[in-house]
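Below you'll find the structures, each written out as structure tokens.
Each of the next two complexes has chain A plus one more chain, namely chain B in the first and chain C in the second.
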Partner chain A sequence: MAEILLHLTTVSSQLQALDDTSDERYDTELRDLIAYIKQFNRNIDSQYLLDNLSPSQHTLSYLIILNLHIETLQNQTKNRVPDEIKPGNDLWAKAVYFLRSFDPIQVRYAGHEWRQLVELIGQSAEAVAKPFLAVQVIREALLRLDSSGVLTSVHITFLRLSLISRSYSHALPILEKEMFRFPTSSGQAYRKHIERPLCSEDTLGDTFISDASGFSAKLTYRDHTSFFLYGAMIYMALKYWDKALHLLTIVISSPVNDSVSKIMVESYKKWVLASLLGHGKLVAPPKIISPHVLKVYQTLSKPYASLADAFERSDFQRLRADIDFGRSVWRADNNEGLVCQLFRAYNTFLVLKLGRTFSALTTADVARRTFTSLASSANVEEFVASLVMSETLGATLVHLHPHGSATMLRFSAPTKLVFNKEISMRNRLIEGGRALRFIANDVDQCSSELKLGNENLQLLSRNQRWSDTSGKGGGDSVGEADGGLDIEEDIMGDAT
Partner chain B sequence: MDLPPLSREQLAAVVASAQSPTELYSTLSEYESEACLLSTSDATQAELLSLYYSTFFFSHLLTDQICEARLSTKRMPQDLLQNDPSLQNCLNLLRAVWQRKYEQVYTILRALPWSEPLKPIVQSYDAHFQEKTLKELSRAYEAIRPAAAATYLGLDPASVEQGDPATMQKFIACGWTWEEETGLLHPKPIIEAPQDDTKLYNELSEVMALVGSRRV
Partner chain C sequence: MDYMAPDAFDGVPSAQSAGPVTGPGLVDLDNLGVNMTGPIVKVDDPPKFELESYIANYTGRTRFNRLLLIGTCSTYLSVEALKAAVAEAKGGRDVSRYERAVRALADAAPNDPEATLDTNWVDHMKKSVKAETDRLEHELRGYKNNLIKESIRMGNEDLGQHYNQIGDLVSASKAYSRMRDYCTTPTHIASMLFKIINVAIERGDWLSVQSNVQRLRNLQSKQEEQAKNQPKMSAALGLSQLHSGSYLDAANSFLATDPSLGDSYNEVLTSNDVAVYGGLCALASMDRNELQRRVLDNSTFRNFLELEPHIRRAISFFCNSKFRPCLEILEAYNADYLLDIHLQRHIKTLFTRIRTKAIQQYLIPFSRVTLESMTKMFAPRVVGGQADPTDCDSPFVQELIGLIQDGTLDARIDLEKKVLVSNQVNLRAEVQQSVLDSLENYAHEAHLRILRTNIIRAGLEVRADDRRSREDRSKGWEGYGNVFSRGSGVM
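What follows is the complex of A and B.
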């Protein structure tokens, strides 16, 4: 066993850094190591090896042996989640320690095993009804892996666990990373000509997370929409309405063939509520949604349309009646919590609207004009003061007499509002700029990859044959637009 | 994972050594997983859990994460939450803070029984809440009745009505002015440092350059 351990520890991330081993050599060493471990039989003393390997330095060996150990236990107990891997037990501690300290370079060679372990951690935590335990671990593992904008099935599992454990803010570090790629297709012929070794520092997530790497299960249309819906639900729980609307917009404007999916309809219902809660009205639906799809949404969510209409028309009686009448609908759609928040939002937007007409009002006037459930002037003052003090409402309050309850609400001067708006716009612009810079870095690469993709190469090949036989000199427009990108003949050969 | 195990002594040490509320919150968050593994059926562990979750709850309030404080009460063991006096006090406090019931907040903080280890953090939050409210009042009110200001800040409104000089002095010390003819206090807005305009301008220039350099 000591001999095996010696062999397993020869490949170490620390030694690699010290020796400054070339990427190609390190790549070969790691691949040889995998081949060596894979020939072990299942009776190997994995416990001894796990106790003597370092998860951070011998990540690859540790991960594969740990999976072997778990697999043996699963076979022995005939249980997918044996007790030893459940929270609080030794194997759980080992797995958690590994996921918090693995070497993100070495782990690229064992994507399948990494995902198996992460999924098992999720299942174990769920099995003891403590999903929160998995949330922190998976978040750290995902951040350590750094998927560089690539969506994986682990992201979806992570958001689902965050939702069921109500650890919404714990999901933000993952959710706030721009997600704009699927795992790359390993079937693209050009890849083998441009790929660097997996262990290279220059190899990013968009390269090492491919559909064959094992870091993600096969993603379906449903997974894609689920990710954004879960994300939106997390933002809604935290009352980040604009962010929630952005993610819901992605779902409801997803491409459709004949009919919309249930998840899209659910998202549309939440989109209506988030619009009302965040903006006090239905925001304009994205233009990308075709009119017939929009009509389907509206037909399938009539109670929500009625609710929105009452809200927008400031018809409190109807709003209250609609909310009461549709209680079973909101409950069935899991939207009861959001609908309950409409009352306060209604009162808030009513007071905000007054600011567009008046420059100042007494709180008694506010009470008279709003006709809300806020009965007395004192209640109104308390409510308005809470809006002003929380900066929801740009206004100031003035007590008029030392005794009594007369209070004046003075809405902020338009110049001050414009100034505040400008600051907010400027911040949004900068935020958008950061996202744009991030995505722009990737646009050129995506463009090149599309040009080098099998489909485009086949098209070029067909065009080439056509131009040869017709005797006309057809220029390579893709090559020209590419700015000197050279497409070699042997790549064309591989594409067939 | 390198943190010492969760215990009453360790909790006291964390509270005493934290340089800021943010640091306290961050250290206590790291203990949440360990707390999750403790059992409420064991009396000693239940006691430790009560102390941990109460302290963690206050660390949320001290960092003004009211929404997150509410969510933390949903994550803690519900049987403990329903039966533990300290956690019940926390729930009442949360409700009062959420609904901005100022009088209730001060009553809960000052009149309800809190366990000895929790008293320092309860007092810290009292001071924090008072200071936060003072800033909000200064911004929100142009003129305010002294008794109303006293209620917001957890002072005695009756003594202010009677013109207690000590309480009035507290307002004046904050830069507020007292107008004798009207009998009203005029708060002075506490202006926070403006954002660095040069930095904003540079970032905007970078965005514009980036947009300009992309070909459509």
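What follows is the complex of A and C.
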């Protein structure tokens, strides 16, 4: 046993030493190591090895042996989630320790095992009804892995767990990384010629996370739509309406082939509510939704449309009637909580609207103008005060002595120049610029993958010239699909 | 010889057939005073004009229409105007008009000897009209048998004129438009089109007026012919634009009217009318510079303005930012305008627009204005009547609130200090905000589209059948290669 341990540790220390040398060497060494570990039979003393290996240095060995160990346990107890892995026990601690400290480069070679471990952690935390325990662990594991915009099934599991455990703000670090891609085998053909070894620092998430690598289970349309819906629900719980709206927009505008999924319809309903709560009106649906899909949504969400209409027209009586009338609908759709917030949002937007017409008026006037549940002037004062405190509204309240108990509400100027604001604006601009660069980069990559990149277009136009001189027949065959890939490799050869 | 392409008139039959069905947009001017669907406007103030001399300016059927309108709307001139209307109708051959005028007079002055129907005259006229119709139609049939173009044209013209006289406007415009096949010279065509336009104006068929004016304009005729027709054409076009609510176009048309119009178009409107309509439309739709440049400094339109000096004064007051006198002049003439057959329906909108523009112009130099001074300027009557003229509920403040809410005024009301504060624009902050907004929009849109592309490439579209998605997914890449390389072949 000690012999094996010695081998494993020497390989790892060799790898440490190799850090400066070529990626290719590192790559072959790691592959050899995996082959070596995989030939173990199941009877080795995994406990001993685990105790003596360090997860951060011997990530690969540790992970594979840990998995072997768990598998053996599972076979022995005939239980998917053996007791030892449950929170508080030895294996749980080991797994958590591993997930917090693994080496993100080495783990690329064992995606399948990694996912198994993460999923098991989730399951066992759920089994003891403490999903929160898994949330933080999985979050750190995901952040360490850095999938750079590739959606995996682990992400979906993670969001589901955070929703169940109501640990919304813990999910934000993951949600804030925008998802662009999906693990596929299809993109691989394109990258064959530029492929770097898996271990290279420059290899991005979209390369090492593929169908074959096992970091993600097979995804279906249900997975990606529910991922964004979960994300939106988390944002809505935190009242980040804009972000929630964006994610919901993604769901409702996801491409459809022949039918609309129920997840999308649910998202549309939530989208209506979120846009009312966030903007006080129904925002325009994104243009890329095809009209027939939009029609399907509209026919399936009539009560919401009527609600939105009443809200937009500032018709409080109708709004209240609609909310009462559709109570069973909201409950069936699990949107009761959101609908309840409409009252407050309605008042907020009315007061904000008054701020555009008046620069100062008494609370009695406010009460008269906003025909809502908070009719008395004292209630209004309280409400407005809460708005001012939450910085939704830039205004001050002044008690007027000569006018008895009247309170004057004075709105601040719409664009008041504050020096502080200038600095924060600068930061926001820089941040926005960074986000823009990031997304522009992705757009470029996407278009080159779609063969719409500059080089490819240039090549095609050159081809066109050839075909003009050499006659039609030849040019056509070059343009055909089968020839396409060869040409693709050609230009890359030229470019490098 | 036919001067017009045969298909040039293709639009006419449909326009004509649409004519008799008086749509919601078309108001039959002939029935205006009596059968009007909306509430009848009642004008109690005495107008500034002398009825005698006013009506003497007009000829033809518009005299009766105007008299009847004044008679039914003005309480002050009611009897006098209606008596004139009865006399006017009796001088003509239109029985239904006579009956209408007498009925209206009976409502206004039941004891007047003229308020009873002269049945003898009615019977006699009915018979004579019938005979005349038969005779003309018979003649026309005869001409048609003889196949002489000129005779058929004249026969139709006579018939149209007859129908026009007896008040059967639909038949009249039908008869006139039947003339078109038999017109042989541009002059004939022009005179026919003018007849159609006149009937259409009386019927309130403004679409037909516009299309026929367009036809007149496209007519290839001699230079001097065109010059002769131009004033009438512009006036008719302006009138139709006024009625369709496009006041700026109407102002432009009236401003382009040549002063040679004189009293040549008295069967529809006088030069004074052109001045009033054009001036009001311009006031309502142009800014101060434009008014100065295009109305006051306009040497041709000056001829019209000299006929109606009050309009000229109002416009120059407006240009000099003296809004109170300007509005006062217009208010003083309100009764006159309300008794005008063409202005009646529009004067309220025109006044509101002028007033709104005045308020806007008034606010430009100020960063804050007391509500009190504004009330003095724009609602002086309220000041005396109400305890607190600048209260939140006073009509003037309500008006301001309405203007702010629909975005006309960029200002806010301070009810504590009773001032109107104009919004200060901080360009720097605005630009920064708009940059942030567009950044965010772009990022969201790009994210949405990249995701969409990648979803499709990964074969993850929503579909009823899950099995197929896997097949497509494996084929996906080749599929795209195909599409794009084929597309590129076209480049």
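Everything below uses one rule, namely that the second predicted complex is superposed on the first by the 403 of 496 C-alpha atoms of A that agree within 3 Å, B and C clash if a C-alpha of one lies under 4 Å from a C-alpha of the other, contacts with A are read in each partner's own complex, and residues count from 1 in each chain.
We adopt the following convention: a residue touches a chain if its C-beta (ideal position, glycine included) is under 8 Å from a C-beta of that chain, and two chains touch if they have at least 3 such contacts.
Since the model is a prediction, treat every value here as computed from it, not as a measurement.
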Which superposed partner A:399 touches (first chain B, second chain C, both, neither): first
First, second, both or neither for A:7, with chain B first and chain C second: neither
First, second, both or neither for A:279, with chain B first and chain C second: neither
Partner contacting more residues of chain A (chain B vs chain C): C
First, second, both or neither for A:239, with chain B first and chain C second: first
Which of chain B and chain C A:432 touches, first, second, both or neither: both
Chain B versus chain C as contact partner of A:169, first or second or both or neither: first
Partner chain in contact with A:100 - chain B first, chain C second, else both or neither: first
Touched partner set for A:136, first chain B, second chain C, both or neither: first
First, second, both or neither for A:318, with chain B first and chain C second: neither
Set intersection of chain A contacts, chain C complex versus chain B complex: 400, 410, 429, 432-433, 436, 440, 443
Residues of chain B defined as touching chain A within the complex: 1, 32-33, 36-37, 65, 67-68, 71, 74-75, 100, 133, 136-137, 139-146, 148, 182-184, 195, 200, 203-204, 206-207, 210-211, 214
Residues on chain A engaged by chain C in the complex (per definition of touch): 178-187, 189-190, 219-221, 224-225, 246, 249-250, 253-261, 264, 286, 288, 356-362, 365, 400, 408, 410-411, 413-417, 421, 425, 428-429, 432-433, 435-436, 439-440, 442-443, 446, 449-452, 457, 460-461, 463-464, 475-476, 479-481, 483-485
Of all residues in chain A, those that touch chain B in their complex: 87-88, 96-97, 100, 130, 132-133, 136-137, 165-169, 237-239, 382, 385-386, 388-391, 396-403, 410, 423, 426, 429-430, 432-433, 436-437, 440, 443
Chain A-touching residues of chain C, taken from the complex the two chains share: 392, 401, 404-405, 412-417, 421, 423-426, 428-430, 432, 435-436, 439-440, 442-464, 466, 469, 473-474, 476-478, 480-482, 484-486, 488-489, 491
